[in-house]
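As structure tokens, here come the structures.
Next, two complexes with chain A in common: one pairs it with chain B, the other with chain C.
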Partner chain A sequence: MSENILVIGGGPAGLNAAIMLSELGVNVALVERDSFLGGNPKKFKYKFLFPDMQPADNVIGELIKKAESGGNIKVYYSSEVSDFKENGKKFDAVIKSASGSETKTFDSVIVATGFEHFDPARDAKYSYQLFDDVIDIKDLERMMGENNFVRPSNGKPPKKVAFILCVGSRDRHVGNQYCSRVCCTVSVKQAIEMREHFPDCEAYIFYMDIRTYGFFEDLYWKAMEEHDVQIVKGRIAEITSGPDNTVVCKGEDTLLRGPFEIPFDMVVLASGMEGGPQSPEISSKLGIELDEHGFLKPENVTLSPFKSNKPGVFLAGACTGPKAISDSITEGAAAAMNAYTYAVKNR
Partner chain B sequence: MALEKHDNKNLGGGRPVAEKGEHIVARHLIEDDNIKEEKNLVIDGVDVSGRWNTFIISRVNSDFDRSFFEEIKKTVVGSRINRCWQCGMCTASCTVTPLYRRFNPRAFIYMMQLGNLKELKKYIDVAWRCVGCYKCSQRCPKQVNPAEMMEALALVIKKYFQEEVKTKLKLDEEVKKIYEDMIIGHGRLDLAKLHTSAMQKSGKTKELFGKIERGAILKMLKDGRAFSVLRLGKPHNWSSSKEAIENYLHKLNTIENSEAGV
Partner chain C sequence: MEYDENGVSIVPADLKKEIFEEARKDFRYEEYVRGCLNCGVCTGGCPPHRFFDFSPRIVLQKMKSKDPELIWTMMDEYVWACFQCFTCAMICPFLNSPGGVIAILREIAVRRGFESAKKVLKPYSRVLLKLTAYGNQLSPDMIQPDFFPDWGPHIGYASTDLSVKRKAIPMPTLQVTNLAWDVAPETMKELYDIFDEAGVFKIIESVDPSLYEIIQDIVDDVRSS
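== the complex of A and B ==
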């Protein structure tokens, strides 16, 4: 008799976990809340991935194809775990979907519920949704993906674009003290893409620190040295409307001291990552711990970042904190191995 | 509206005119250049001289001028301006900054990147003081070559602030002329002469005969350095070397002028 393992969430982490388990001969139930697989990268149509600018489809598309090509994976679309109970060392879960509810017993569980993009509208200083030309990184990613990079206000190509880092991150005012880790690299990547396709458009990045960690630094150097992206130190305190249908970024140049109010055609907010409403929901449903940042809490952040505090329930991907896609995929594999070991031990 | 400006003597002994911005309570907080005030101004026949027409220009920087950056990038010495990320290693290693705190290569590069001429203008008197030790270029983690960037800065200053260079750098230009004449004329540098001429030019004639200077002169007379130039004469075959140098200077001038677009 083969093992039954439940994977919650069909993003990069959940998909990779499901695929690995399926290859081990495990019966996987993959529960996805959307009507499609791929998670946030698919939902917001990420086009190219850092650091090597490969098409997102190479990664996400590949994972989806593998998961959907049958094997031992049963995908439940537009569904959720509506009830969850421990049953000895095993777990009874009710999977609710449009076609009804299904109760099943699983040997172990992998939670890969991911993150939500911070909604910049929650922070009034950025005037997101107030001005059409203020967008955020996921909006820009979608625009680039649809080959429709124009100013939303008038449909014309912009000539001067500002990227603002740390939107919804490292800001006690919005309740998020942590760094979202990838927004710097994503913004730098987008600035490069923009300069490559629209060389007439100037790119400025307003930063407090540029955290393109590890080899992502290469992208940051490339942006400056090959694409003349200008970095300006200072966080933006206010976005207002300016003359000639511009948006004005108000900030302090902390290197020269002194205020600036610079008009731009378009402003891109590097909104960070949040645990989203799904994290507390899954935390209370499964009885696993939530951390002070609103993400799921690993049992030991260094020794076992893929384990929850409840034996048999494992964590993978951005549900435990901001993460790059590659890290999520790695964690998916790590959680799969651990979930499999747990299932085999308690057969 | 009839706007009428006239100088003091035409006012015909009207009421006393205040100093520029004198009446502003927190005057010390505002830079001179940011106060706009006409000493004598008559609008529609009404005298609004002095404080009646005062304006304070905002300190807020309201645009980045990227055309300027492009201009610097095209020069040979400034081609790496896009690399600078403002870590401050150049200023930290600078041999001049400890003497002139206002000489800050890091900040100058930033001003050039953002085209902030307004700010750059404040540093015309010190911006050219790089001694070319190249320590910054050795230390720079991004190989910006700040030492040569300072040459790009000199070009900028020459092009955009001709008036200020004429007035603020008058003395330096004069001493430079003496130096050049010395080299081209005699093929040798006479430090004693350069020193005394520079002091004379800067109006320090009194100090020239002070105790320190007298001692130095005596010492140089004693050990023969004062006569060395006379005794040694011009270097061998100087006329051809002189021609080469003059040729080079001429070329350099044309390059500089074309780079600065003068």
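== the complex of A and C ==
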């Protein structure tokens, strides 16, 4: 008799966990609240991925294909775990979907419920939703993905675009003190992408610190050296409207200009990652801990980042904090290994 | 007062150290000075930054440096450029209050009767007099159309026949023109006790000795009445 393992969340982390388990012969129930698999990269139609600008489809499409064709994976679309109880060392879960509810017993569980994009409307100084030409990185990913890179206000191609870093991150006013890790690299990548496809359009990046950690630094250098992206040190204090249908970024260039007010055709806010409403929900439903940043809390952040505080419940991907797709995929595999070991031990 | 080539007043190093210690011991210091990301958001939102070479980021950075020399460079003119609007405190991602730091430094300058404080407070002697002697700030007879153009088109009319107009207010305490409202002597005495306790009179004595004498005459009169 083979093991039964529940995977909650069908993003990169959950998908890879399900695929690995399926290859081990485990019966996997993959519960996804959306009507499709692929998580945030799919939902917001990310087109090219950092660090190597490969088409997102190479990664996300590949994972989805494997998961959907893997014989041992049963995917529950538009569904959720509505009830969850411990049953000795095993777990009884009710999976609720459009076609009704199903109760099953699982040997172990992997939580891969991911993140939500910070909603920039929560920080009034950026005037998101007030001015059409102020968008955020996920909006731009989608625009690029749909080959529709134009100013929302008039449908014309922009000539000058600002990228503003750390929106919704590293700011106590919005309640997020942490760094979202990927937004520097995403913004640099987007600026390069924009300069490649629309060479007439100038790109400015306003930063407080550029955190293109590790090898992602290559993109940062490339942005300056090959694509003439302007990098300005200073966090934006306010976005207002300017003459000729422009949006004006106001701030202090702490190195060069001092005070500035620069008009742009379009502003892209690098909104960060948050634990979203799903993290506290899953935390209370499964009885696992939430951390002080609003993400799920690993038992030991260094020794066992893929374990929750509850034996038999494992964690993978951005549900434990901001990270890149490669890390999420790695954690999916680590959680799969641990969930499998737990299941086999308690058979 | 002598100044160095950067326009900073020359004082002994010990005084600079004292000033820094005094600021650091202020009960608000810990709340106002946390860490600083050097991000410039405070400065970007600071109104005077558009008109003067003034930056709340620099204020916070200098304070964080704990270098008495650097902090002293702000004591002559720099701290007086701030509008005390506290936009900086509202938007700083670290929840610092550069405007609050300025308040602490200004209070030190005033308490110690520094030249800069005397100069800045000079135009306010009438307000200071009304405030400390009578507990009032603006009084009807201070309303002169030339000084208050921003009070709208009826300011001219409002400033004439004051005593008649004030008599029309059905509140006896408001029927005066040399004060915003008539203050009972018991209230004034209580106020003086508060100012005494809080050191307000002492501060006025150090920044404006002649104003202090005028105020004290009134205080003595009221106290002995």
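The rule is short, and it goes like this: the second predicted complex is superposed on the first by the 344 of 347 C-alpha atoms of A that agree within 3 Å, B and C clash if a C-alpha of one lies under 4 Å from a C-alpha of the other, contacts with A are read in each partner's own complex, and residues count from 1 in each chain.
Please note the rule applied: contacts are C-beta pairs under 8 Å (C-beta built on N, C-alpha and C of every residue); 3 or more make two chains touch, one makes a residue touch a chain.
Small disclaimer: the values here were computed from a predicted structure and weren't measured.
By the touch criterion defined above, A:R172 lies against chain C but remains apart from chain B after alignment on the C-alpha atoms of chain A.
Within the superposed three-chain model, A:I262 lies in touch with chain B and out of touch with chain C [touch as defined at top].
Contacts of A:R235 after superposition: chain C is touched, whereas chain B is not reached. Looking at the shared chain after the overlay, A:E116 reaches neither chain B nor chain C. Of the two partner chains, both chain B and chain C are touched by A:D253.
By the touch criterion defined above, A:K125 lies against chain C but remains apart from chain B after alignment on the C-alpha atoms of chain A. Once the two complexes are overlaid on the shared chain, A:E225 sits against chain B while remaining clear of chain C. When both complexes are overlaid on chain A, the residue A:E202 reaches chain B alone and has no touch with chain C.
Where the contact sets of chain A with chain B and with chain C meet, they give residues 233, 253, 258-259. Only residues 202, 204, 210, 221, 224-225, 228, 230-233, 253, 255-256, 258-263 of chain A touch chain B when the two sit together in their complex. Chain C makes touch with chain A in their complex at residues 37-45, 49-50, 55, 57, 91, 93-95. By the touch criterion stated above, chain B contacts chain A in their complex at residues 59-64, 66, 69, 73, 82-83, 85-86, 106-107, 110-111, 113-114, 116, 119, 142. By the touch criterion given at the top, residues 125, 166, 170-173, 208-209, 233-238, 250-254, 258-259 of chain A touch chain C in their complex.
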